[in-house]
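I've put the structures underneath this note.
Consider the two complexes below, in which subunit A is the common component and subunit B and subunit C are the respective partners.
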Partner chain A sequence: MALRELSSLEKFLGLKKPNKYSTQGDKKVPVLQSNNGPALVGLVTIACHLVKEAKRPELLGDSAESRAVVQQWLEHRVTKLDGCTKEDVKTVLKDFNLYLQDKVYLAGNQFTLADIFMYYGIHSLIVELAIQEKEQYMNVTRWFDHIQHYPGIRHHLPPVAVLRNRIYTGRHH
Partner chain B sequence: MTKEGVQGATEEEEQQQAQSKKGLKKQQKEAEKAAKKAEKQAKLAAEQQSTEEDDFAKDRYGVAAMVQSQQKLDRALVRVQDLTPEKADQLIWLRARVHTSRAKGKQCFLVLRQQQFNVQALVAVGDRASKQMVKFAANITKESIVDVEAMVRKVEQKIESCSQQDVELHIERIFVISQSEARLPLQLEDAVRPDGEGEEEGRATVNQDTKLDNRVIDLRTTTSQAIFRLQSGVCQLFRDTLTNKGFVEIQTPKIISAASEGGANVFTVSYFKTSAYLAQSPQLYKQMCICADFDKVFCVGPVFRAEDSNTHRHLTEFVGLDIEMAFNYHYHEVIDSITDTMVQIFKGLRDNFQTEIQTVNKQFPSEPFKFLEPTLRLEYTEALAMLHEAGVEMGDEDDLSTPNEKLLGRLVKEKYDTDFYVLDKYPLAVRPFYTMPDPNNPKYSNSYDMFMRGEEILSGAQRVHDAQLLTERAIHHQIDLEKIKAYIDSFRYGAPPHGGGGIGLERVCMLYLGLHNVRQTSMFPRDPKRLTP
Partner chain C sequence: MKLFVSEGNPHCLKVLAALEVTGAKCDVQYVNHEERVVPFLSRPALPALLLPSGLHLFSSNAICRYLFEVNGQDSSELCNQWLEWEATELQPALLQALHMAVLQGKGSEVSKVLQGPLNYLDQSLSKKNTPYLTGEAVSVADVVLWAALYPILSDSSLALGDRKSVKIWFDHGAAMHSLQCAAQKVLQGKGLQGMKSYMQKQPAPQSSQCRDTQPCNSSPAESEEGERLVSEEEIEAAALTWSKSLNACPLVANRQHPILPQEGKRNLLVTSALPYVNNVPHLGNIIGCVLSADVFSRYGRLRDWNVLFVCGTDEYGTATENKAREEGLTPQQICDKYHAVHSSIYKWFQIDFDYFGRTTTEKQTEIFSGDSTSTGFLVEDTVEQLRCESCQRFLADRFVEGTCPHCSYPEARGDQCDKCGRLINAVELREPQCKVCRQTPVIRSSKHLFLDLPKLETQLEQWLDKSTSTGDWTANAKQITRSWLRDGLKPRCITRDLKWGTPVPHPDFKEKVFYVWFDAPIGYLSITANYTDKWETWWKNPHQVELYNFMAKDNVPFHSVVFPCSLLGAQDNYTLVNHLVATEYLNYEDTKFSKSRGVGVFGDMAKDTGIPSDVWRFYLLVRASRGTGFSLLLGRHGYEKQL
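The block that comes next holds the complex of A and B.
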């Protein structure tokens, strides 16, 4: 899973040569061997490295505050989102929905690596949601639909249908 | 005397003394009690005497003798719904139920109820009513039927809690015609309380089973009265609209020899030395009437389905409103006729039953029913496309599951703003054997379903009117030809092309009003768990 994400990221960044990754441990943490220096271990570490390699530092945030926010969300992705249980899903989505209330992207008004990896991470949860639930977490759905249509992002994941208008408006059914 | 003896004697004496002390106390207490009792009795007697003495209004109230048609009274009784300011200062008689009665000092406030209407009434100590009369009024049990002579008076402030808000009655005479037992199995106020309000304010509501077990009382509530008046309206509009279109009403047999829709969900009855079945639909007989040249027929009658489904929309016995008609060249003539009938029914309800709709909405709020003219008709393939767009995976020849039907209903509502639509050209594979296949595409059929608020209310189609094709289709569906021989034979002697459909009265009412359980629109519902009342 993580390896596919990294390969999609490479395609998005326009990196010509795809890297060869290996994994370590039962959690299959990705590892990138480098020619000059120690190996890079961890999804977030490797992703940040790739971004720097592709000379797209703005994807990590263009101010100190947004850089911190991006790192925070990348951290959140691998610690809280990956492997969250069924009971946690509601809370995760509720908090995420509240956070996105007044933001276009996770870092505010700028598209960053945080959006990419939160999209990859949350896809499996969104795919399972019924239309009524998608309407319940309106902000998450809005952000998700925006990111999945962002050019070059949605490589290995199937698109999730999002309706233009609300169909659950009334108080019934 | 020995010492013991002396001791014994003193002990005895002591005991005697003790006894007499106890005895004295006991006697004293008894004496007090007796005195009190005597006092009370004397007081009561005095009171009674005084009440009998002072009761100048003795003839103006009481429990009337049971009405055994002893006399023909030439007395006009006014209806509660006619109590308007126009009748102010008139002395009138009426008969109604006591909805509530509340004594407050020298006055007693009553709410008198007649079906959906109620009015405030007042008995006050004065020159017409005595203290004893007010007390009598306050003690009349709820739901008792009373005859009341009263003066109609206009009120300054509107009485919000009653249907007649501009007047109140000042009672001069009140007689109980039929007394109710004091303990009611359910309280009418609780039965009409909206569920939300019940939870918020911690007041009681009545659950459905209790209501159904005590249906006679539950049917007295304003909500129930409104629902069944509206249902009566649906039947009336159905009959009138179709009669105006030239349809003939027919009656079909309900005891039949073979299951019409399939063997699984049919009730068997013992029929002398053999068995028979209760009809699952009038399908076969409607069609035979068409072959008998009645051209356009409809019937209103019970339908029996032995389906062990305990859902919000299934009953084992319900009222079917069925239509069948011969057409000239295309089965859409049938669809148009049916949808026009439905639209006339919706319009008739909207225009003539607003009071009833509002009454039901008070307890069960819902959005008003919306429909388009002409009725929206979608093809099955279009519906599939809409569902695919919403992320639902379905094959071309799959039937719609209930959740998908409901979802489709919402998508249609959002896109076209209608609660009523027709879905045309269902896949042939999921329809009964007597459905006419589509002439151009063998995967589809000339069949249709109609939906209200996303739930199916009618299933219909062009029928196969050719004995040869019918036999082929029956064989394809692995149906025993022997069992349907009479049915197939009816098409051998010239049969016109025809089609039709049937709706369930209870379901249509439930969905029109936006209710959530079909038992609310069935007077004495029958389901796998309920056979009484």
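The block that comes next holds the complex of A and C.
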């Protein structure tokens, strides 16, 4: 899963040459071998590296504060979200929903790597929700739908329908 | 900018150390562990940093990173890597180690848990051969890891093994004034024990060795355990069986009443908890046992098991007396009226009882005479009871309202607290009030009979061990029963000073009746006795009969402890519960359904919606199968989609 995310990220960033990744440990942590220097280990570490390589530093935040917020959510993704149990899902979604109440993106008004990786990580939870539940977590659904439609983000993941009724009938699509 | 920390919280070590090292200007406020500083998080998360912009940081690593950055020190990629490793690999192991060392006293096992991460750290340090993790200077990675490991590595009683590179690196940090300062503030010189109160408030860590809860966002292809994928062949075989073999199935024979146990067949006696008569049943009652039992009985009959499904209205007790007073009728009239209501609603819901009876029959009194009253398991004692002087009678249970002595819920009733579920005696209530006239009752003495549960405890436990291990008991039923036994059984008062109830057949207790919760399960027997004279072939036949009790979870103690004890006390070879199925509460929006408070959707309303009963049955069963405590969310789209 992690490797697919990294390859999707590469596509989004427009990196021409896809990297070769390996994994280590039973948690299958991704590893990026480098020609000139030691290997980079860790999903978040590698993702940040790719962003720098593609010269898109704004994706990591454009101020010290937003950088901290981005790192916080990236860490949250690989600690609390990955491997969260069925019992935790409700709390995770509830808190996330409250957080997103007054924000367009995770870092406020700016689209960042945090949005990308929280989207990848939360996809499997959102897919399982019934329409009423999606409506219950209104802000999460709004943010999720926004991110999944963001150009170039959604590569390896199927789209999730969030609307109960299609606005346009089949003929107009 | 404001930093919130709590004492004894190891994560705060990191941020306080970072603050000292960077010299950043920041207010620091000490709060309690339970303080919810971050507005959008349900559970308290400390440390937390309130940023100048008003945003909160709840990740200790992110806070440290931020403090370093505003001080002019950006984090390198190697730094990032260490911080990611700390959060994903070191912290889970550390949490487990701290839990063991601080709360479980298993200091010796800490070494095993931390072996992996410490070895990794040692190897990396020895390979790099620099004094600090990322080079010649102290970085945020060093501060974070030193602080994270400080409580463990500075405790010499934990034999962690000899890792030279780690020791050298750690000693650098431990010597730094800023780290020592932070450690002092957090641990107050008490070492690991300084973290006790913090650790007690944390959820127990999941051991990484035994992950029996599958993380729910791992894709199915990756998880080897979990649900078994069905193969193509299995699906085809199932479809074939369904279409062809259905004809080969024996037709469900028309039932011949009375249904009696048969040799050579599986004989199941299915009961669902007797609904209390005092009002129209609500959807919670219906799913909370009657419907579940009905589905099971139908299933049993299709399987050609010999099933007898009985139920009835539980009519004695103070609640009925209450209702009678409210409606200006006699208790008997109330029971007649509402029994008919129950009966018709269950009929509409297509609950296929073999017999739906009532507890207020002569058989009930008859059966009691031959019961545990004659054996040595009853004790007499004088009880202090609440008596309302203005109403001129002893108040029991439902007539009293007050504050629960255990959880301080202000509307606890005199038999059970709705909030914490504990059984209480009315005299234990704080600030009791008579429900009828609102006066404060006084305490008076009265003689009563007690069922000597402690005397029967061994026999009961023997039976429960056998039953719970071989029979179908829902997890919540086992849990509730275990906690009752663990709390220790006490003699339970089984008589009351009331008029409306089964009269006590003992000369000294002529003016008293049996406590409704004691006489209700006997109702199962008397209802069966009204169905057939040969009721004893079901109820005194444990070798041929399997008893299934269906109920909502608040009835569990009565069916798993009190009732079996009454039967064991009678020493008459009674059939005891083999399988106990307890459903969770159905909530109406977010509160409990309650007949007596008038909250929720009631049986006749369901019928009035015009939605057929099959649809209601389906919807309730689906929602019930979702697990713990499910809510009735009113909305038509739910079931429409599923149908």
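In this section, the second predicted complex is superposed on the first by the 163 of 173 C-alpha atoms of A that agree within 3 Å, B and C clash if a C-alpha of one lies under 4 Å from a C-alpha of the other, contacts with A are read in each partner's own complex, and residues count from 1 in each chain.
To be clear about the criterion, a contact is a pair of C-beta atoms (placed from the backbone, for glycine too) under 8 Å apart; a residue touches a chain by one contact, two chains touch by 3 or more.
Because the structure is predicted, anything quoted here is derived from the model rather than measured.
Using the contact criterion defined above for the overlaid structures, shared-chain residue A:Glu53 touches neither subunit B nor subunit C, since it reaches no partner. Contacts of A:Ala161 after superposition on the shared chain: subunit B is touched, whereas subunit C is not.
Taking subunit A as the reference, the larger set of touched residues comes from C, when subunit B and subunit C are compared.
Looking at the shared chain after the overlay, A:Ile131 reaches both subunit B and subunit C. Counting contacts as defined above, subunit A residues 131 meet subunit B in one complex and subunit C in the other. The part of subunit C that touches subunit A in the complex is made up of residues 39-43, 51-53, 55, 57-59, 61-63, 65-66, 69-70, 77-78, 80-81, 83-85, 87-89, 91, 206, 213-219, 222, 633, 635, 637-638, 641. Put simply, subunit B touches subunit A in their complex at residues 365-367, 389-391, 406-407, 410-411, 413-414, 453-454, 514, 516.
Subunit A makes touch with subunit B in their complex at residues 131, 160-161, 163, 165-168, 170-173. By the touch criterion stated above, subunit A contacts subunit C in their complex at residues 1, 27, 29, 38, 40-45, 48-49, 52, 64-65, 67-69, 71-72, 75-76, 78-79, 81-87, 89, 91, 94-95, 98-99, 101, 108, 121-125, 128, 130-132, 164.
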